[in-house]
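Okay, so chain A shows up in both of these, paired with chain B first and chain C after.
Moving on, here comes the complex of A and B:
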């Protein structure tokens, strides 16, 4: 029989961006009902929140639910308590990765690579990002992934959506980095590239 | 008074198009010798009313029969002063709108209605207000000095009336004295109880007389004329009051019955009341060893919403636990409060306090307790967490608080027993029988009324004093006695204040109405009251026992002793009396009997049956009107006679009807039983019971008992009216015409 442990909840309030908002959750379930990805999640958003309060640390930080959030806002606009559900979910995902958990490794990798690119260039270099993403699991797998997506890549190139040469950073990249650094400072460790 | 009668028929609203009004006027003039009979196309308009007023002034008319719309409308228009008799004949909703125009049967129906109206006006006398010999008091007695009692007394005084407040403890405040803080409007944070200021306001008020350490020993009399004996502090005092507010409050549910939740087993399991007392006394600590409290678990619905204990919700316990959780946090911000609930019932704006409790970091667990135990000096609770979907264990608890519910002070600890009447079932070896809650002998002592029907207010569900709570919340089954606060329903302090204010207002209303001889409710403004012709009384006691409001006592000779100011003018006594000695000036047994006799009953070969429907004025008559407004068509053979309550139906009317050749009698009245709608509580139930006796008589007379039927009709049942009438007509067709026709 599981014991209720309030320490994880406290951990979340202190370390997860927007984590303290889940105090207001009254478990109505509207978030779970409106989430388009809830059927793919191991635990619905509502369940995640009650599990945090119960102290189920491993289940929450290992859950794929926190990685599956697409920021569609269906939950956040409906929450009667005004909880910024997507921000909490992303905050939890970020925290999980910082703590060394990688549920849904592919999503974690893509997210991090995307973010690093933004920080580096101020824009996305599609082929560079794809390359890093495809080859995250090693060379051979990387070749396989690239071949699978070859059609998409060629079409993008032909439609001038992808350059062969590396992208240059944006003009105001130094200012952008200052902004992102400041945002990282303001958060609970969730801002900035991990 | 010498009557000068006039009949006015309105031809508007389709009446003139559907009926031969000339014929109607002839009937009034020829058959009833009415000197003035007129018609008018728009009687309720200013010109129409002017015609009537002119006749009143110039011809000295004082009895006005208006054959037009339903008596439920335009009563303000056709009001010509308290010294005039106004009789309304319903030609619109119940004739012209429910029947095809120009038909012979429609005309016959209209004619019968007019005949009945003329007959009724003939038998009506102007009521004279009841003026007792003794002077009427307008003071209000408030029993109970808690928040409800204090507020009722204060509001009475503010309205300019005097109040007498009786409190059994030595200090005022009731449960409020045990509270540390309140949660009330605007529900954002804890508030002070305000007790000191409230008590001071009451004690300083010159219009309020306070008796502490005192109880009400005995109350005799009636509204306006109550004589109250108060005992306390070794003294006795008598007060004369006009109305009473009972605000005797509540007691917490006995937690000793909740040992399955650990109460009595573990010292650190306490009730919410004990928790509040601890907080108010100073610091909340563990009762077992006096150490500090860090982890607390509140068990909501402890013994509430549970068929084994209190089946109902006490509405305040959720907020109380949140309040107490706030006390814990105030004491120690690091403390953890768990709230184990079935539902969080923080209604309306109280939701803001729930939000605050959440913001404070309290842990809400939705589930039910499986087990409470002790380990290493601390408590643990195992519960089925509904939201997590598994059984969980919350341990390391210093305190478990059981949120118990409220039991009204009227609920006795043990069900009282009285000597069993002869032939009663369920009597024990000593010949005693349990009293039903539905009687004046059940509730715990608070008033000591010298009423034949019992010293206390009759209760209904769960020991709360009964009232027709939808329509008349503060009213009880005793006129002039109103309940306020948690004795009538568990409620929080904000509601108690409202409630007490309302009850005080009703009490004042009662004394004012009684002082001019008017009935208080539901027949507000009714000046008539039952008069008894004692010469023919056989002391059968039916009126005394059947009065739903205990208005009739018994004198030394066992004759009924009516108390008119207790009376609600329903007429149940009139219906009960087999000797028919009871009557009102404007409502009597011969009156309705004559109305029935005024109906023209065609011969058997004309194949036009005649039905008399006795219709209660509360719901059934209104439902009929509504069916008429919706132009629902029914059989033209039914003659509707409004009665005050089906309880006032005297069985002689049925005999009269049948002996005149009426083929069937339909009684249409309100629902009775636990969820009763009858405004006179027992009226329709009594009518139904009496009818069972009638079937015996009918069978003996070789008349089919199917001819008399009782139907429950609520105001929302108007669509069922056509079906009800149709079914009854079918039954009458089957049994055939009354063999006594033409005799």
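Moving on, here comes the complex of A and C:
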């Protein structure tokens, strides 16, 4: 019989932002019941936590659950043990991506493009972000994605809900990048994905 | 009262009708504001895919530090995501000296320091607690004649801290609607999530979230839905045709910002002040019929 393997739990405590918080989990399932997308997840947040304790490394880091957080904060508000479940899930997603896992590729790419744009400009330019996200899988797929969503883009433009100015970085972009680089180095588990 | 108005990236694009309508509303209510100099994005809900937690905290701390060094007024964020990101980072820095030291050692790379001395507020908080429904009611010249509005609160404007309203049964949005002369329609899903920042990459799942919210508001009699969040507005309004196509529904519900209704009730111009023509599902007819 396989024995209980605490090595993955230890890895999570040491390397995942807010990872040590799962020590407080009592498996009540309020997070799972509160989550708007838990029915789409292969494992609910509650299950993810117990699987970490049980050493199910591959299953957890490959799980779609860690990428499907809508950041609604219901779990954090309701957890009777005060665990910031959302922050743990975000931490696990970040760690899984850094380790080369991509359980929900589109969502991972969207989030990474989002962050890259912040690093490049200091702000988000929605039209540019969409373009980069649509073209992340190459030119042909990019054209297909753009055509698919073109009606929405045109509608937004016609209703003045698209920033027309070209993308431009904030004045303090160089200093901002230095700050973010330093923070990436100092962060838990040694840095972000960039 | 003076504030820093941190409107964020969405309000310069997809949420433009929020910012356009917010400015005359603040003017009518005598709210003074200035922009945070050279502000940066808050990181919103999805940055964790590309950055660790400390980097996202430092990103927000830069805005806090600039605000603190330039007057230290309360920061008011109309966008729920800007609000939650900033209020969260602010709390954590204020409560954890070790974290504050780490954040400051990164900020020092750009010559900044944050001492934890700024307060972050949501626009609903400022409207309800600093200005108050009585003053809002005083300024109404065109009451919204019993217009039935579903005040959709969503997630990030009140959760997780509940600093100015209940996290489970919020009232501020509804009380402001009532002060405008509208009828705030109660609907149980007013706190359910619309899919937020992952809507675009996870459309097929999130369509169902929005369908449930719209159906619930309509079942309870809403003629239109108001919100204070640019993501809620985007997901509930702009995707409606796609949801209809994918799920066989026939939604045609206008989604407006609370400030657009306020601008109308304060007697503002429907275009210039309320920016109703920015809306993709036109709300003008329903609103005008309520005005009589």
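Structure notes:
FYI, the second predicted complex is superposed on the first by the 166 of 194 C-alpha atoms of A that agree within 3 Å, B and C clash if a C-alpha of one lies under 4 Å from a C-alpha of the other, contacts with A are read in each partner's own complex, and residues count from 1 in each chain.
As a convention for this text, a contact is a pair of C-beta atoms (placed from the backbone, for glycine too) under 8 Å apart; a residue touches a chain by one contact, two chains touch by 3 or more.
Because the structure is a prediction, the values reported are computed rather than measured.
Note on chain A: of its two partners chain C and chain B, the one contacting more of its residues is C. When the shared chain is aligned, chain B comes close enough to touch A:23, but chain C does not.
Touch criterion not met for A:141: it reaches neither chain B nor chain C.
Of the two partner chains placed by the overlay, only chain C lies in contact with A:107; chain B stays clear of it. Of the two partner chains, chain C is the only one that A:97 touches; chain B does not reach it. Applying the stated contact rule after C-alpha superposition, one finds that A:81 touches chain B and leaves chain C untouched. Considering their complex, residues 17-18, 36-37, 40, 67-74, 76-77, 84, 87, 90-91, 93-94, 97, 104, 106-116, 118-119, 122-127, 130, 133, 151-152, 155-156, 159-163, 170-172, 175-176, 178-184, 186-189, 191-194 of chain A touch chain C. Listed in rising order, the residues of chain B touching chain A in the complex are 336, 338, 344, 354-355, 358-359, 361, 363-366, 382, 385, 387-388, 390-395.
Across the interface of their complex, chain B is touched by residues 1-4, 6, 9, 13, 23-27, 46-47, 50-51, 53-54, 81 of chain A. Contact residues of chain C toward chain A in the complex are 9-10, 12-17, 38-41, 43-55, 57-59, 62, 84, 102-103, 105-107, 109-112, 154-156, 159-160, 162, 167-168, 192-193, 195-198, 200-202, 205-206, 209, 238-239, 241-242, 275, 277-280.
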